[in-house]
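Chains here go by letter, A, B, C and D, matching the order in which they are written, and residues are numbered from 1 within each.
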Amino acid sequence: MDRMTADDVRSMMIAVADRIIASEQLLTKADRDIGDGDHGLGMTRGFTAVRELLLENTYDDVQSVLAGVGDTLITSMGGASGVVFGLLFRAGAQGLLPSDVLTVPIAADHFERSTREISRRGGATIGDKTMLDALHPAVESLRRSSEAGDTLAYAFRGAAIAAGEGTDRSKDLVARFGKAMTLGERSLGFPDAGAVSTTIIFTAMAEWITANNEHPTTSAQGEV
Amino acid sequence: MRKFINEPRQVARETLEGFLAVYGDRFTQVPGSLAVAKRIPADKVAIVSGGGSGHEPVWLEYIGPGFADAVCQGDIFAAPAPRSIVRAAKAVERGRGILFVYGNYSGDRLNFDLAAEELQAEGHEVLTVRVADDVAAAPPERANDRRGIAGGFFVSKIAGAASEVGLDLKSVQELATLAADRTRSMGVASAGGTIPGTEEPTFVLPDGKMEIGMGMHGEAGVRRADMATADETVDQMVRLIMGDRSLSPDEKACVLVNGLGATTRAELLIIARRTARVLDQAGIRIHDLQVGDFATSQEMHGFSISVFGLTPELQKLYDAPGRTSFFSGANRH
Amino acid sequence: MRKFINEPRQVARETLEGFLAVYGDRFTQVPGSLAVAKRIPADKVAIVSGGGSGHEPVWLEYIGPGFADAVCQGDIFAAPAPRSIVRAAKAVERGRGILFVYGNYSGDRLNFDLAAEELQAEGHEVLTVRVADDVAAAPPERANDRRGIAGGFFVSKIAGAASEVGLDLKSVQELATLAADRTRSMGVASAGGTIPGTEEPTFVLPDGKMEIGMGMHGEAGVRRADMATADETVDQMVRLIMGDRSLSPDEKACVLVNGLGATTRAELLIIARRTARVLDQAGIRIHDLQVGDFATSQEMHGFSISVFGLTPELQKLYDAPGRTSFFSGANRH
Amino acid sequence: MDRMTADDVRSMMIAVADRIIASEQLLTKADRDIGDGDHGLGMTRGFTAVRELLLENTYDDVQSVLAGVGDTLITSMGGASGVVFGLLFRAGAQGLLPSDVLTVPIAADHFERSTREISRRGGATIGDKTMLDALHPAVESLRRSSEAGDTLAYAFRGAAIAAGEGTDRSKDLVARFGKAMTLGERSLGFPDAGAVSTTIIFTAMAEWITANNEHPTTSAQGEV
């Protein structure tokens, strides 16, 4: 599969929402270890709203789906992650021309732009023990796949793996940001909660794409 | 579940409904958000505060004459979303501009900044003051990274009073910033609270230990220490606070001894007694001493001390009338 | 030890010193006792309250304009000794007589009665009003055996106001008695507090259980039940309160939602919301609704609801000015 | 030993004070089970003051010792037990002619009058699960000893045993008084804390008298 329709993206994002909602306890615990323990609640709140939105709407272009998801997260979640994960889906879509399909190059562009905007607004960069430590390597992997001409499934699997590795590496980072900041050395050994969420998001996307790789609807609508 | 709540996810909303059940004569809900606005805001700079809920009376009850004009709650420990903040601000904006006053947390900054941009895009003037009073959160050279804790009370008091006397947005912001710059706080806790709907406390300390510099969400502080007496603990905290910003000889101070939730009133008064004593001994003139639950973290067991160094102008504003559900004026003069 | 205190046996004394460190401009310590008196008591009936400490703000902070003239603390959970009470009373007696207002406990009765006899032997006029508002403590036919809990706030408010307007001792006593007779309360708790210096909580409930009718020292109530939602719990408590003394259709009520120590402000507001709603639905007109920690039991987790049925005369006294460290006037009218 | 001097009584009461102070934990626990848990603190406070008083003073008559003890308890303790145990020592001494020795009849008179005053002031009677459930049988035993002409040691040992039995019986009583009142059936199985204290007091008195029975000073001063 080289391209996904807007409706595919919509279905994929519903799967992402389901997976985040199912991970609430895990995310709560991750945030409790070195944060304030509300990350699971917030993500569940946001992605429950996303689920409702996507179930009730249809979309013609990919950017509307992603921006809709982002807007909904920003509006419904609150918290740092409301904006951060909202921007993850919204910022990349803003200012890009609407496209009726998602390809690896478009995905790479989207998430790269989102990453920049998250850094710009939040002031954090890679190594600060935030979700950027998962997002950065995922985006780099997407970029490499884009240049190599990989399939969507291959590209997103690579991104998910890179996100997971980045999350693992975040265990060895001393938090310089957010509520874990003052823990100092004591934040060692724990991954960043937002990085865990980022990995779950990319993993759920990769799995949806893999599972729906040869799906007839996809190929039928995908012929551009 | 040992809390007296209903559906955990409805706690913030029902808390706000409860607030209105009690104070509804004076305030009104802003439709489509967990925000409350004064019924008849005067023609003045609009002070808008907000942040995650779960810290009551922060920020929900920082509203009133001489305090905020609108306050906007997020879910528990989560900053409010930009749309809610925008609605709250619009409910009280009267053409003189909007001042945001909130705690310096990543989440609050991100959400309030988005809200500010949206309001500015619609032609409103918006300025911001972030409270970053917690000396335990970062060293002085990274003071901008510090989080906001109970000292936000003083910033709110000054912002509200400055706006009430009719100053323009820039001046109100400058005075509130001055108040923020002259406020230092430090917290300590020996047991954590629990977020409604989760079963475990936000942190667990080994028996007989306390965290010095504890943040309002259970974030770690400067160090974990053996539980000491109230007097010893106060002495240490005051030392750390004054070490960060010492008061000049002619400077008067307002002091807040704040309970984090489960701390008994007796403990707070014992702590206030010692705080007043060590400051007196250090030659510092205490203009006012407030004691109570001004900024909590669920039923966390602990307290914070905040010291706010006055200038003559700030003192006038501090002494100006102001009232919230938990404050009705200075205790000493 | 997880409390921020010094020597456990000094808690009551240091609490009082802390109170004076904060409010010393208005009040003064009575030498030789854990009592505080107003600085310049007017020529009026002297209202003297007191009881065991550990329930702060009860009774220490029930002093102020329109409230008690002197208050006398005992050690934690222990009524003050007669000699202390006598000293407190003499510090504020101005020839118009003394009214004792306190909670109906064996220990308080024994000590205040001895004090009254001693004062009477010296020629002072002394009358007494005992607060016995806890409907959970005994059935209506044994109402005299009931203990006093947070409803004492209403009795103090009325006694203080009646004395402030210059009524004579007998009239002040009659009005305060009327207020006591028209006040009913009920408490509930899900976790106990700890007396400083002892290591264990005053009671232990199995997880997920609450005690309905819990007293302010951890005394048992009417029954142990499964933890329910805040709304269900309030409904049950209001039913029990109104079952004990229903309000007549033209009667307005003052309502107090009181936290027992560790209960979060959010919970209290959620409880207040429901309390107002069920009373409204029952057609009862709420004249005022107060929410806060008015009478605690260390860091007990729980709350009480008190309902005080007004008469026109009592309403006038309730609305008269009155101020303590935790109360500055009615929230609704 | 048929009589004790005022100084004997003073020494005996110091021993009683030591014993109560040593029992603080026990009393606290008893009061926590069905009361508010402060009984141990209060009794220790009171008897620490009593100890100081007695160590600093000398007495010519028995009633001054006992009234002094009672006054000190009332003044220093507070709480229900401050008055109740204060009256135990003070009420019996008031209105009695000062005597320079304590005999069994005088002791029986003293504690009988104290018991009446405690009942009159506090409104409780035997069976209400208060310290009266220990005191009543102790006084009855003293009265019987007085009529039988028993020695002080024998009389007080009997009183201590009777107090202990009464305390045991208080386990089977449903509290109708004080902070245990509302426990109802749930107060069953626990003795009343004040009854436990009463037993300790009479036991300590009995043991002091027994131990000092043939004490030379006692007999020397005791020849009246």
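In this text, contacts are C-beta pairs under 8 Å (C-beta built on N, C-alpha and C of every residue); 3 or more make two chains touch, one makes a residue touch a chain.
Just so it is clear, the model here is predicted, and its values are computed rather than measured.
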{"item": "Subunit C and subunit B - chains in contact with each", "value": "none"}
{"item": "Farthest chain (mean CA position) relative to subunit B", "value": "D"}
{"item": "Where subunit C and subunit D are represented by their mean Cα positions, the distance between them in whole Å", "value": "33"}
{"item": "Centre-of-Cα separation between subunit D and subunit A, whole angstrom", "value": "76"}
{"item": "Rounded Å distance between subunit A and subunit C, as computed from the means of their C-alpha atoms", "value": "55"}
{"item": "Residues of subunit A engaged with two or more neighbouring chains", "value": "none"}
{"item": "Per-residue overlap in subunit C, given as positions that touch at least 2 other chains", "value": "none"}
{"item": "Chain contact graph, described as a line, ring, star, complete graph or other shape", "value": "line"}
{"item": "Which chain pairs touch, all of them", "value": "A-B, B-C, C-D"}
{"item": "Residue ranges of subunit D touching subunit C (in the complex, touch as defined)", "value": "28, 32, 35-38, 41-42, 45, 74-84, 121-122, 124, 177-184, 186"}
{"item": "Subunit C-facing residues of subunit B, complex", "value": "1-7, 11-12, 14-19, 21-25, 53-54, 56-57, 61, 188, 190-191, 193, 196, 207-208, 227, 229-231, 233, 261-273, 276-277, 289-291, 293, 296, 298-299, 301-303, 323, 325, 328, 331-333"}
{"item": "For the subunit B and subunit A complex, residues of the former touching the latter", "value": "9, 52, 74-84, 105-107, 109-111, 113-114, 136-138, 145, 147, 195, 197-198, 200, 202-203, 213, 215, 217-222"}
